[in-house]
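These notes open a run of structures that come right after.
Note that subunit A is present in both complexes that follow, paired respectively with subunit B and with subunit C.
Take a look at the complex of A and B:
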């Protein structure tokens, strides 16, 4: 016993939580990576006012940002098999997170793109840069730098949202917690659940903070 | 499509879904109201010049932000019951935890609104002979409120989108009700889960989208 916590139970449950934490990180990483791609694609479609794609992206962003992840997951996991599309839990989790995150990331990138000044674009054009060169060397580097704080906040948000994945049978931290707490030891299980989420999220949060500070110090994105 | 409609017309299904909506909205509204009140207080503490207060509020904000809300829900659902023999209703736990989270977010909004106010606003007010109270009443507070309101409205939609989490502590919110309907209707109609969860998706959109639009409208209107 230590501070009212049974160390024996902790030692026994630790590997289960460790495994689940690894799975949580892995699924979150896939979801965040996909949401960055979707977000960038949607924000560029809107920025360049590509006919058709522009309104499609706008509608998608509103849908993603105004509905909760748990509903996306229920629909993907329980609803879609009825129309002939059966996906396993982890796939549903990644797709759900990417669907939700894509909308949030698109808004983060949009704010970044809007912050690139007219003068920057005109200077690039007057230098004779092609459209592709403009995006690659002038617009994106500046837009991404401005978007970093919002992208960081979204990433942390998405990592926390993975906590609901047990409803689609992904054996993540909460899944292990719900399973083990049936036999009691609520203090020990809560302790492990909290510690493992801290271990996953805190380093990411600290790294992003440092990155933001460095960007600010270098005056990039202002 | 006909089979879809029949699911909602059967028994009290539609009425039960609306009760789920009501619980969702009730818990969100209570949590947002409490968060705004406490958030204003904590936000003012955040900009105080006392280092201890600054550190304490900062710690509170960071600790809440790093934890998934679901973990906080579980903490307040199990810990008081197990260790101090205090049993709270699941809905009380929900409002308590959402308020704890909302207060942190609101406090940060308040801090942001006040610290981003240019110093010359206060100085100009003082220069034309206004008292400290008048400066706050006529210059600082009206501007701070305009900066805050879109954030508060956004907090409301975020709160609504967070309510499905209370499914995990067995509050009969929208999703739980949907699941119960699917369990029963699904035996007769195998499209039940598709339509019911699709409908709930639509209901959430209906709750959040108008609020989001209103916030965007205000933000645009008050930009200058």
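Take a look at the complex of A and C:
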């Protein structure tokens, strides 16, 4: 016993939570990575006003941002099998998170793109850079720097959103928690659950903070 | 002496924003090695003129030729045209996320596809000439305004352009930094660089120009060699404009009245 917490139980449950935490991190990482790609693509489609794609991206962003992740997951896990597409829980989790996150990341990148000044763009154009070179060397590096704080907030938000994955049978932290709590030890389980979320999210938070500070010091972005 | 060929030839240029005519029927020529200085009151269209030449503004009429080739008629690949035109802006506009050297190498290496070693050698030679070789690994934020502007000039020069366009490049500099930038441009003139310069520095205009072009309300009012223009401007408008830069001895008279 330590501060009213049963240490033997903790020692026994620790590996189960550890495994779940690892799975949570892995699914979140895939989901966030995909959401960054989707977000970048959508924000560029809107920034360059690409006909067709622009409105499609706008519609997607509103849909993703204004509906809960739980609904996306229900649709993927229970809806798709009806049209003959059965996906396992983890795949649903990754896709669901990417769908939700893509909308948020698109908005983060858009703010970054809009922060690149007209003067910077004209300066690059005057050097004879092509459109693609402009994006790669002038616009994106500056836009991404501005977007870092928002991307950080979104990443942490998405990591926390994984807590609903247990509804599609992903054995994540909440899943293990709900499983073990049936046999009591609610304080110990809650303690472990909180600690493990902190252990996976806090380092991400700290890394992003450092990155933001360095960008500020370098005077890139805001 | 044979007359040099025109590098830049503008005929009947019209530029409108909606209904507002900014430039009306303007024609001018800059010959190889010639330095043209455009002066005139704010809003007379001189900056717009430079922006039209490298396609940052669309034009509504007339033609612009670079080395005898129209860059207006037909399908213009502006990125290729701009590689032959060096443009320096009032606000320097260096890329904040790149070092001085990276700023300078971006155009030559990416746009022109030149080798790093060869482009670096040229960049360093130019930097040395403007006294900034020791700052090549600095970031723009670590430089003064005058230093940034000298880097911006080197960045444009390193493209080996046919002509350099300077758009009020000293207008946002502290007075003590104006000189270092103007000296660089004077040096280029001595070496025979073809240049079209918009400036409010009258003494500099007089020193550097082969020809002064005075603009007002979107057209050229008069153009003449600097000595003639500054001593005997023909038009009323030019005379009025030049008077702005003269100061009367106000203090003396005030003392008299006391």
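What we mean here is this: the second predicted complex is superposed on the first by the 221 of 222 C-alpha atoms of A that agree within 3 Å, B and C clash if a C-alpha of one lies under 4 Å from a C-alpha of the other, contacts with A are read in each partner's own complex, and residues count from 1 in each chain.
We take it that a contact is a pair of C-beta atoms (placed from the backbone, for glycine too) under 8 Å apart; a residue touches a chain by one contact, two chains touch by 3 or more.
Fair warning: this is a prediction, and the values are worked out from it, not measured in the lab.
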- Scan A:67 for contacts with subunit B and subunit C and give back first, second, both or neither. first
- Message: On the A-aligned overlay, A:50 touches which partner chain: subunit B = first, subunit C = second, or both, or neither?
- Response: neither
- Message: Going by the contact rule set out at the top, does A:145 touch subunit B (first), subunit C (second), both, or neither?
- Response: second
- Message: Taking the superposition on A as described, I'd like to know which of subunit B and subunit C A:201 touches: first, second, both or neither.
- Response: first
- Determine, under the contact definition given at the top, whether A:187 touches first (subunit B), second (subunit C), both, or neither. first
- More subunit A residues in contact - subunit B or subunit C: B
- For A:59, is the partner it touches subunit B (first), subunit C (second), both, or none of the two (neither)? neither
- Contact residues common to both interfaces of subunit A (with subunit B and with subunit C): none
- Quick one: which bits of subunit B touch subunit A in the complex? Just the residue numbers, please. 65-71, 74-75, 78-79, 82-83, 157, 161-165, 167-168, 175, 178-179, 182, 190-198, 200-201, 204-205, 208-209, 212
- Task: Write out the stretch or stretches of subunit C touching subunit A in their complex.
- Result: 54-56, 78-87, 89, 91, 93-97, 106-107, 110-112, 139, 141, 155-156, 159
- Note on the structure: Interface with subunit C, subunit A side, in the complex: residues 119-120, 122-131, 133, 137-138, 141-142, 145, 218-220
- Query: What residues on subunit A touch subunit B, complex-wise?
  - Reply: 4, 62-63, 65-68, 70-72, 74-75, 78-83, 156, 160-164, 167, 174, 177-178, 181, 186-187, 190, 193-194, 197-198, 201-202, 205
